[in-house]
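Presented sequentially are two complexes of chain A, the first with chain B as partner and the second with chain C.
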Partner chain A sequence: MLSGENNMYRKMISLIILSFKEGVRDRALIGAGLFSLMMMGSALVVVSMFMRDLDKVSVDINLSAIAFAGLLLTFFVSINLMAKDIDKHTIYCVLSKPFSRSQYIWGKYLGIMLLIFMAFCILTICSSITILFIKSQYEFYFKSFSWIEFYKAVYAQLLLLFLLNAVVVFFSTITTSSFITLLFSISTYLAGQTIEEVVVFLKSKNAMDMPLSESINAIIDIAQYILPNLSVFDLKVQSAHAITISYNYLFAITSYSLIYSVILLLSASLIFNRRELK
Partner chain B sequence: MSKILIKKISKSYISDFKREKKIAVDNISLNIDTTEVFGIIGRNGAGKSTIIKMIMGFIKPDKGDITIDGKIPSDPDSRLKVGYLPENPYFYDNLSAEELLKFSSTASGLDKEKARKRIDKILQQVDLYSVRKQRLRTYSKGMTQRAGICFALVHDPDIIILDEPMSGLDPFGRKMVIDLIKDLQKRGKTVLFCSHILNDVERICNRVAIMDSGILKGIFTKQEIFESNGMEELFLNVVRGK
Partner chain C sequence: MKKVFHYNIIPFFLILSLGGYFLIQQNLTVKRENYLNQSYMGYTLPSKISGLAALEFKGILSDFLFLKVSTFLGDKFIKREMLADKHADYIYNSVDVITDLDPWFWDAYLFADLLLTWDFKKIDMANKLLFKAREYRTNDFKVPYHIGFNYFYFLKDNMNGAKYMMEAASLPGSPTWLNGLGTRLSVYQNQYKPAIMFLSETLKKTHNPALAKQMEIRLNTLIALDKLEKAVQEYKKIFGFLPLKITDLIDKGFVKTIPQDPYGGEFIILKNGRVFTTSNMIHKQKKSN
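Our next item is the complex of A and B:
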C-alpha cells in the first residue's frame, strides 16, 4: 500500500485516466472528429470559390470547425459521460473506492478536459495543415495572415470549452436527466454568447421607446453577472483579419474562464455532496 | 470486534408522483463482526440494498449511525479496505476488465507491481483471464458479474460487501462465488451480502438477518437455521409471522 500525498495523487490520476479512456472510446467522439475534418477538407473547396480574402475565409472555416467540434464534444460526449455515471450507476464503481464526491467531480472534469485538449491538439494540427496547403496554393492572399493570432483564437476557444464543461458538470449534479442537462447547457451557451449584445441593446436609449423599469434593469444586471459572457472567447474575427490580440486580453480571459470554472465546480461539489445516489 | 456497526437507522423515500412517503428501512441495528459472513435476506423491496447503499455512503440515513471499521460512511477512508459489488453491476463498458481492475487497485492504494500480480491472479480465479483485454461491453451478464467480483476483491479488502453476488450466474458461476466467499472467510475477512437465493445463504453465512418491508424480523445463527429445518422454512415462517 502507498500512503499520503503520493497515493492521493495516483488515485486522482487514475480517475482522470478512467474518464479520459471512457470518453476517447465513445463513438460520438469519432463522429465529431470526422465531421470537423470534413469541414476542414471542405475549406479547400470553398476557398477556391472566392476571388479575394482567401486567408480570412480559410481561417474562419477552420476556426469554426474547431469550435463546432468542441461544442459537439461538450454537448454529446461530456454530457453522456456524466449522465451515464448517474443513470446507469457506474458512479458506484468510483464512489465505492476511497474517493470523496468532490474528488469525483474534479477527476471527472479533468478527464473530460484532457479528452477535449487532446481532440483540440489533433484538430489544430489538421487545421494548420489545411491552412498551410491553402497558403501554398494562394500565397498572394496570405500576406497579412498571422499564425500566432490563429493559435491565440484556438486557445480562446479552448478556454470557452473549459468553462462550458464546468457548466455541464454543474448541471449534471443538480438534475437527474441528461436531457435537462443538455437543455440547460445549450441554453447557457446561447445566452452566454449573446448576453453582452442583449444587455447593450436593452440599455441603449434608442432601443425602445419606453425606458426599462427598475426591476427589469435589476434582472438584466443579475443575469449579466450570473451568466458567463462567452462572447469574449470568440476571437475568430480578430484572427481572420490578423488583428493583434494582446497578451493582457488573453490573460484576462484565462483568469475569467478559470475563476468561473472553479466557482462552478466548487458549487457542483457542494451540491453533489448532498445528493442521494439511489 | 465489530467491523460494521449499524445503530437504529431509518430511511424513507418520497415517491416522485404521488409524493407519498415510503419507509425503506425502519429503525434497524446490526453488528457485523470481524471474520464473519453475514447475510441479509428478504423479499424485493425489503430494504436490503438500501442498507448496503447507506453503508457505502451512497445515500444517507434519515436517522441513526453507521460506522465501518470505526469510520463514518461519508469519510472516503472508510472505503479504503472495503470491496463492493453492486446489484446488477454496470461498469464503464468501453474499458477492458484489466483496465477496470487497474483502476480499482490504484484507487485502493496498491502499488503497480502488486496490483499486476493481484489482477492476473483474480482474473484466473474467475476464469476471465483469456478475455481480460476485451471491452466490457462485449461481456455476457455472467461475465460482467464475475468482473464485478474481481473489481470488489482485487485490492484484497478486509470488508467485502456484495449485493446479490449470485445474480445472473450459472451453477458453475455460483459455485465459484461460493468458493470465493468461503476462501475469504478462511482468510479472516468480513463479508456482508444480500441475496434471494436462500440455499446459498444457508451454506456460507455464519449469521443471517431476515428483513421484510424495511423491518428487521430477526437475526439467526447457523445453528438456529439448522434447528428450523433449513433456511427456506425459517424464512417463510419469519416473514409470515409464525
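Our next item is the complex of A and C:
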C-alpha cells in the first residue's frame, strides 16, 4: 500500500518535472521575461519625470511588469503546454505511460505553477534590484516605501495566476482547440477583473435611478458567484502607497484562490476522465 | 553573376531608403508639431471607462495619464504660451480621472493645486480635488495644509485657513513651524510672507526640474515683491505718505535697485501701499490656440 502511494507520488513528481522542463523550453518564456525586464529598466528613466511620488511610480512599473509577465506566461506558455497537447495529439504519448488522466491534469497544473513560481522568483529579484537602485538614487522620496507591502502584492499576483491557470486547465479539458481555450481564458480574465466594478456600479445610487429587470439582477448575482473575482488579488495601488494589507485579508484571498482552483481542477479531472480523445 | 549584382544593389537601396527615411522623419516631425498645435488634445477618457479598461493596471495607467498631462502643459509653460480656461478644465478633468484610478496619487493632486491656484485662479476647482485627497490621504498633513493655504491666501478666508492649518499641524510628520501658524495667520493677512514660506517648503521637496524651475521663478518674484513692499512701508513710516513711483525707493535710498520681474511685468505701488506686478506672475509672451 505504502509502496503504491510512493509510486503515485513519484509518477506525479515526474509529470510535474516533465511539464516544467517542457515549459522552460518554450521561447515565449524568454520573450515574456525580456519584455518585463525592459519594462523594469524603463522605470529607471521614467521615475525622474515625476515630482515626488517616485516610490509609487517605481512600484507601479515593477509590479505591472511582473503581472504582465505572469499573464503572458499563462496565455502563451500554459495554453501551449496544456491545450496543444490535446491539439497536436502529443497527449497520447503521455497517456500511454502508466498515468491516470486525473494525475495528468494535476501534474500538468502543478508543473505549470512551478514554472510560474520560478519565473516570479527571478522577476521579483530583478524588480527588487531595480527598486533598490532607484531608492539609492532618490533616497529622500522613498521614506514611506515598504518592502513588506511590495512582496505582499507580488504574492497576491501569484495567487491570481494559481487561479487563472486552473481556469486554463479547466477550459483545455472541455474544448477541442487551443485557440478556443485562449479565448475562453482571456474572457474569464477580463470578466473576472471587471465584475466587481460592474456590480458596484449597478448597485450604486446612479443605477438606482434606472432600475434593472429582475432577470438581469439574477444574472448578475449568478455571474458574481460563477466568475472568479480577480480584482481581490490586485494590491498594486495599495502597495505603491505602502498601505498596510492585513494578514487576515491575505489569508482570505489565499483560501479563495486555493478553493476556486481546486474546484476547477476537480471538475477538469471529472470531465477529462469521461472525455473521448480522438 | 546575378548574385554579385544583387549584393551590390542592396546596400545602395538601403542607403537610399535610410536617406529618404531621415528626410521624411524630419518633415513628419514638423508636420506633427503643427498638427498638435492645431488640434487641441484636451480630452481624457472618463474613469468609468478607463478604470474598467485598465483592468489590474490602474496604477501604471494613472502614472501614464499624469505624465501625458504634465508633459502637455509643461510644453505650454516652456513655450511661455498663455493658458486659457479650457486648459484649467483639462487639468481638473484629467486629474479627477487620474485620482479615480489611484486616489492616493499626491503628485497629481499637487500638480493640479499649484496650477489651478497660481496660474488660473480656479481655487474652487483646486480645493475640490484637495478635498478628494483628504478622504484618502487621511494621515498626510500636506493635504489640509494646502487647503488651508488656499483658503487663507487666495480666498482671504482666515477662519477656514486657520482651521485646516491647525488640522495639518496635528497630523504626523508636520513641520514644527506649522504648529501655531494657524493662530498667527491673521497677522500675515495681505502679506507675501506665507506664500514665500509655502513655496519654499514645496520647492524643497520637488524633484521634477521643469516644475521646480517654475516654482523658483515664482518664489523669486514673491521675494522681490516682499522686499519692495517692506521698503514702501518703511518709506511711509518716515515720510508719512506712500512713494508715488517705485523708483522713489531708489532715490530715497530704501533699495539699491528695483529687481526685474522674471515674468516680464513691472512692479507698481497700489493706493493701499501694496506692491503688485503687472504680469500677475503669468508669462505673457505668446498666445496659445
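Keep this in mind: the second predicted complex is superposed on the first by the 272 of 278 C-alpha atoms of A that agree within 3 Å, B and C clash if a C-alpha of one lies under 4 Å from a C-alpha of the other, contacts with A are read in each partner's own complex, and residues count from 1 in each chain.
Just so it is clear, a contact is a pair of C-beta atoms (placed from the backbone, for glycine too) under 8 Å apart; a residue touches a chain by one contact, two chains touch by 3 or more.
For clarity, every value in this text was computed on a predicted model and none was experimentally measured.
In the superposed model, A:54 makes contact with chain C only, not with chain B. Legend: residue contacts after superposition of the two complexes on their common chain; A:15 is shown touching chain B, with no touch to chain C. Within the superposed three-chain model, A:26 lies in touch with chain B and out of touch with chain C [touch as defined at top]. Of the two partner chains, chain C is the only one that A:194 touches; chain B does not reach it.
Once the two complexes are overlaid on the shared chain, A:276 sits against chain B while remaining clear of chain C. Of the two partner chains, chain C is the only one that A:230 touches; chain B does not reach it. Once the two complexes are laid over each other on the shared chain, residue contacts for A:255 go to neither chain B nor chain C. Once both structures are placed on chain A, no chain A residue is touched by chain B and, in the other complex, by chain C.
Against chain C, in their complex, chain A makes its touches with residues 46, 48-54, 56-57, 59-61, 63-64, 67-68, 138, 140-141, 160, 190, 193-194, 197-198, 201, 230-231, 233-234, 236-237, 240-241, 243. For chain B in complex with chain A, the residues that touch the partner chain are 13, 53, 56-60, 76-80, 82-84, 86, 89-92, 94-95, 99-100, 102-104, 106-111, 135, 151-152. For chain A in complex with chain B, the touching residues are 1-3, 7, 10-11, 13-15, 17-18, 21-22, 25-26, 88-90, 92-100, 103, 276-278. Contact residues on chain C toward chain A in their complex (touch as defined above): 48, 51-52, 55-60, 62-63, 66-67, 70-71, 102, 104-107, 110-111, 205-208, 211.
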